[in-house]
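Let me give you the structure first, and then I'll get to my questions.
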Amino acid sequence: MPNVDTSLAAEALARPETQTQIESLDLIAHSATLGVGLSHYLILSAILFVLGMIGVLMRRNAIVMLMSIELMLNAVNISFVAFSRFQNLIDGQIMVFFVMTIAAAEAAVGLAILVAIFKRFREVNIRFFEHLRG
Amino acid sequence: MSPQLLFATLILAPLLGFLINGARYRKHSAEVAGGIATGAAAISFISALAIFFQLLDLPAEERRVAVQFFDWIRVADLKIPAGFVIDQISGIMILVVTGVGSLIHLFSISYMHHDKGVAKYFAYLNLFLFNMILLVLGDSLPVMFVGWEGVGLCSYLLIGFWFTDKEKAAAGMKAFVTNRIGDAAFILGMFILFLHFGTLNFQELNRMVPVDPSLAWFGPIGLGTLLLFIGATGKSAQIPLYVWLPDAMAGPTPVSALIHAATMVTAGVYMIVRMNPLFLAAPNTMMVIASIGALTAVMAASIGLTQWDIKKVLAYSTVSQLGYMFLACGVGAFGAALFHLMTHAFFKALMFLGSGSVIHAMHEEQDIRKMGGLKKYMPVTHLTFLLGWLAIIGMPPFAGFFSKDEILWMAFHSPRGHILFWILGFVGALMTAFYMTRLMALTFWGESRVDKKIHPHESPLLMKIPLIVLALLSVVGGWIGVPHVIGSLLPGEPHNILEHWLEPVVKSVPGMEAGDPTLEWSLMGASVFFAAIAAAVAYHFYVRNPSQPKKIAEALGGFYRLVFNKYRIDELYAATLIRPLIKASQGLWFYVDVNFIDKATFVTADLVRGGGLFVRGLQNGNIQRYALYVAFGVVVSLSFILLR
Amino acid sequence: MGNDAVEIAINTIKLVVCFLLIVQAVPVLVWLERRGSAFIQNRFGPNRIGPLGLMQLLADAVKFLHKEEFAPAKAVKFLYYAAPVVALVPATLAFAAIPLGAPVHWDQYVFPLQGYEVSVGIVFVLAVSSLAAYAILLAGWGSGNKYALLGALRASAQVISYELALGLAIVGIIMTYGTFNFGEMIHAQEGPLHFSFMGHELVLGFLPNWGIFYQPLGALIFFAASFAESNRLPFDLAEGEAELVAGFHVEYGGFKMLLFFIGEYGHMIVASALMATFFFGGYGLGFMTLAELSASVATVVQDPNIVSLVTSLITFAVFSVKLAVFLWIFIHVRWTLPRFRYDQLMDLGWKTMLPWALFNTILTATLIYVGHL
Amino acid sequence: MSMDSFLFWFLAFITIASAVTVVTITNPIYSALALAMTMVGVSAIFVTLGAYFLAGVQLIVYAGAVTVLFVMVLMLFDLKHELSAFSRGQISGTIKVATAAALAGLLIGAIVWTVSGFERVVSKPAAPDSADGMRELSHALFTKYVFGFEVLGILLLIIAVGVVALARAKGGTHAQR
């Protein structure tokens, strides 16, 4: 998708602090071998996300599934923060704020439901909940 | 008061009455319900009067009070405001409607006194009045059509008011269906006119009419007016759609008086008069209207000769009088048509109410063979009925004389008229005189044939007042339309006020020149003389030697029976139209509906069910499976975005 | 961390010192507590070994070290051993972020008197101390004992619920000073007390410009909540001897127990330090600003390095005094008040403190908005 | 190897390792603890990204509250090693893993493809002074996103009430025994 990176690059060029860095491009080129950039953080968050997804897909324990969901949310948070940092926009951090709130709420509700179900069935295995099928 | 407010009261008062009575439809007190309804009617009558006087103050040329409340329909270039107008034509009509309506409301109070659903009755009556006012005041065809349909509905409701009786319910149905046919034609006519003129407002239509009459049968104007006229035949009971009116007598008598004599059935005539320039521009339609009117007049009168049911007789006489009105319209005498409409409203309403009073006295007995000699039991009713009789058979100086003779004269004299029309009308007049006298004789005169158990009695005051008022009106009502030939003789030379009044809005037929007075005198004299003869003959037959009619009937034999059975028109319709229609629809039901439509729906249902079963398989309660579906979706969409 | 060897070395040393401070303060506190309780209860307390029984501490340490190292059979070994260490972490981390004195300016270097300078110190401290629940849970779970587990659950629930009140109480002071940084906050508390409300100035020279005068309610709530945070009486439901013999560290003995002790006292220290920093001017002298102080010191010695060194030492002394006062209050309260019942505890936390803290927050916000405080 | 890149790799390693532990280990308690570890790692990563406040909030909310909740619930349930920790069925399992792998490949491919184009240009700009960063954050939160903020408040209230109701319900979904 060439259009995306050109646009991003364009607005990157438009920003003053990047202008200065272009002037000292060779320096960056040297450190770029080891320098940590946006893509590193994004890839990290992608890996975390996929791990969480695997957990949700594979684990049987409902609580662990909830944990995996938290993992996925955190992965998203990482990419948000990374973007907000690398584009000098605060909005990403705001989004992280909201995501955290939602995640806490979701965990609370999920655990409450699990406690209620456990009180009844003494069981948190997800397979077992198929009995709750309407 | 501002015209807006007046119109609002005029239109909404009956609606309010309807709502009130409709809300308390279980109540049985006739006084309360009737009081409310009559009050509402009276209010609209008063406000109508107020507007009418405002009209009088205006100069003759722009006598026109119009209001627009809101935009009712606004589609593309079809823009129809809820506009109402009172001009010379609708002014007269609204006065007749509300005035006669109020009187009949008053009459109903004591007539419907014993009925259970009296509140419902009055609610319907008010609703009818509301719709009739819409019909009369509407300044465009659609607004008029709303009222048109509304009165149809109300007449259906009121004919079938005693719906527990199967006959009466069926009568209501018949009226409704028959009206539907006419209404369909009416709508088509509207479409055509809108297609051609791009507007449906009466004034604009009348202004846009081309000067030269279009002789094409199926030109837009010709076809449109023709269709409108078919609608009129439906509403106003002309050939071929008159069959519902006689059956409509199943309703309560005041209803027959109000709806099926005075107001609703004249809607067609009113409509034609309203759009007279348009109709004038379509001579073919005019010819059709005239001939249909004349035929109806004669045929209905001839049926009326033979009926034994008092209300049936009046019904057929109504049909034939309507025929006269259409004849007038057809020959271009719109003023005369409106004149006759008014006078007829007076005396026919009077006679219906009289018959109602008689029926009331006879405890729901309607067969005139079981009456007779009621003169001494109920003098007031007899007197008023007598006046009505004189009016309808056209005895000078009663109301009917002027209007009917003007129609006949015009039928003879107008360039659109013809000697044949005159002859038909003349014969109709004779017959009218005959059967009306017959009715009088059998009901009031001669020796009593009343059943011993029944003790006839004069009606209460509430029923007498409307009778008296209407009787007075049917005596003097005609004097506003005195022909010139008579007016020139009388002291003070009373002019033809009505004609003068209608001048700005009613176009006269092109090529009309002043008639020859001697000819007019002779025709007038002939009709009056022969009418008197017919009346005398009838008196002779039914009072002197009552055995005479039977002999004649036997002498006539088959013809008599044919006439007695209303020319078997109903049977004819049943055989040619109704039964085939039923057969066809049954065929459609058993073949098309069952084999195709039902099949189609079943197939769709099965498809949906199958799909549901499949999807149900997906929903196996395994949450992780669901999550997997979601992941699939993400992968697919992402790869679509990326690898595109 | 630093630019050259000297700075790096000094900073590293600072870290170690901070850690040692916590660890070494504990025996003193233990001794203080025992003597104090004895004093309160008209006993002697430890008085045999050494002067005033000060050597008791050493003896205790040795005893702890020599105890047998064992784990119960049912225990989950890893967690059982991890718990005490984890218990040590939050307190030390939090304490290291609190400035103990005015920064020392030596030549071109600047050495703040704290383990490490965190720009959003308050958030950091809160975040770190919110990890305290883990130690308790791990201990309770790891030692495979139902009393321990119950104690752990109680304790963690208590910690979590009182964190709310704690945080909200701090929000008030944060709004008042408009900063998350301890240094700025302390700087803002210098000089005499002066309210400014809707442009009107009210100066009370005889009072220091401390947060307690701006946030009395917040201070109260914070103090009470910090009692609960550090699982001290009257909130030591976790180790209620009566119903669950000793709570989450039933199964612990010897040095592991000591580590828990260190954690608990560390919490006390952190709470006191925060108390001092938020509401009592931190290392500031109160009625005397830092500049004035260093000026007056400069009259005695000339070398600016020495001046700043002396100044920061003085401020450190001041801070230690304040710390000591609050620690003593902790101990005194412990030996004065009876213990709550569990439901009373939760009611107090959720139904009393939280609403008051909220009220305090809203009130502060309104005042700031109205009067540009 | 500069300081921050070392930090990044270190933290990334810790985070991913503990995340893997969360997913793979069969004892729920341990996976909860690993989750806590992951949270700490993530907050540290936030610090490297200069989002100090978010790092703190991350610790407080996730490590301090959410994961503690998990741990408490697990301890209440007293779940030991579970025998069938992973869903049975080779086919579905392979499908799931394959899907996850495909997703990972797509994501990483997309990232590399997209970002590497201007990686040179957009390297990390100087971290803003944290105080300013926080001021900016709170300003944006209370002006531009105030509506979402309010809505979230309402959401939290509703959820608090709902959770209390759920916990109160005797015997969970089926009240009568």
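Labels A, B, C and D are assigned to the chains in the order they are written; within every chain, residues are numbered from 1.
We take it that contacts are C-beta pairs under 8 Å (C-beta built on N, C-alpha and C of every residue); 3 or more make two chains touch, one makes a residue touch a chain.
Quantities reported herein were computed from a predicted structural model and do not represent experimental measurements.
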Contact-richer chain pair [A-D vs A-B]: A-D
Centroid spacing, where centroids are CA-atom means, of chain B and chain C in whole angstrom: 100
Gap in Å, rounded to a whole number, between the CA centres of chain D and chain A: 7
Chain A and chain B, separation of their C-alpha mean positions in angstrom: 79
Inter-centroid spacing, chain C versus chain A (mean Cα positions, whole Å): 35
For chain A, residues contacting two or more additional chains: 1, 53, 57-58, 126-127, 132
Multi-chain contact sites of chain B, meaning residues that touch two or more partners: 624, 628, 631, 642
Residues within chain D bordering two or more other chains: 53, 57-58, 65, 76, 87, 96, 99-100, 103, 107, 113
Pairwise chain contacts, counting only pairs that touch as defined: A-B, A-D, B-D, C-D
Complex contacts: residues of chain B adjacent to chain D: 624-625, 628, 631-632, 634-635, 638-639, 642
Residues on chain D engaged by chain B in the complex (per definition of touch): 87, 92, 95-96, 99-100, 102-103, 106-107, 109-110, 113
For the chain B and chain A complex, residues of the former touching the latter: 619-624, 627-628, 631, 641-642
In the complex with chain A, residue positions of chain D that touch it: 1-2, 4-5, 8-9, 12, 15-16, 19-20, 22-23, 28, 31-32, 35, 38-39, 42, 45-46, 49-51, 53-54, 57-58, 61-62, 65-67, 69-70, 73-74, 76-77, 79, 82, 84-87, 93, 96-97, 99-101, 103-104, 107-108, 111-127, 133, 136-137, 140-141, 144-145, 148, 152, 155-156, 159-160, 162-163, 166-167, 169-174
Touch list for chain A against partner chain B, complex: 1, 53, 56-58, 65, 126-127, 129-133
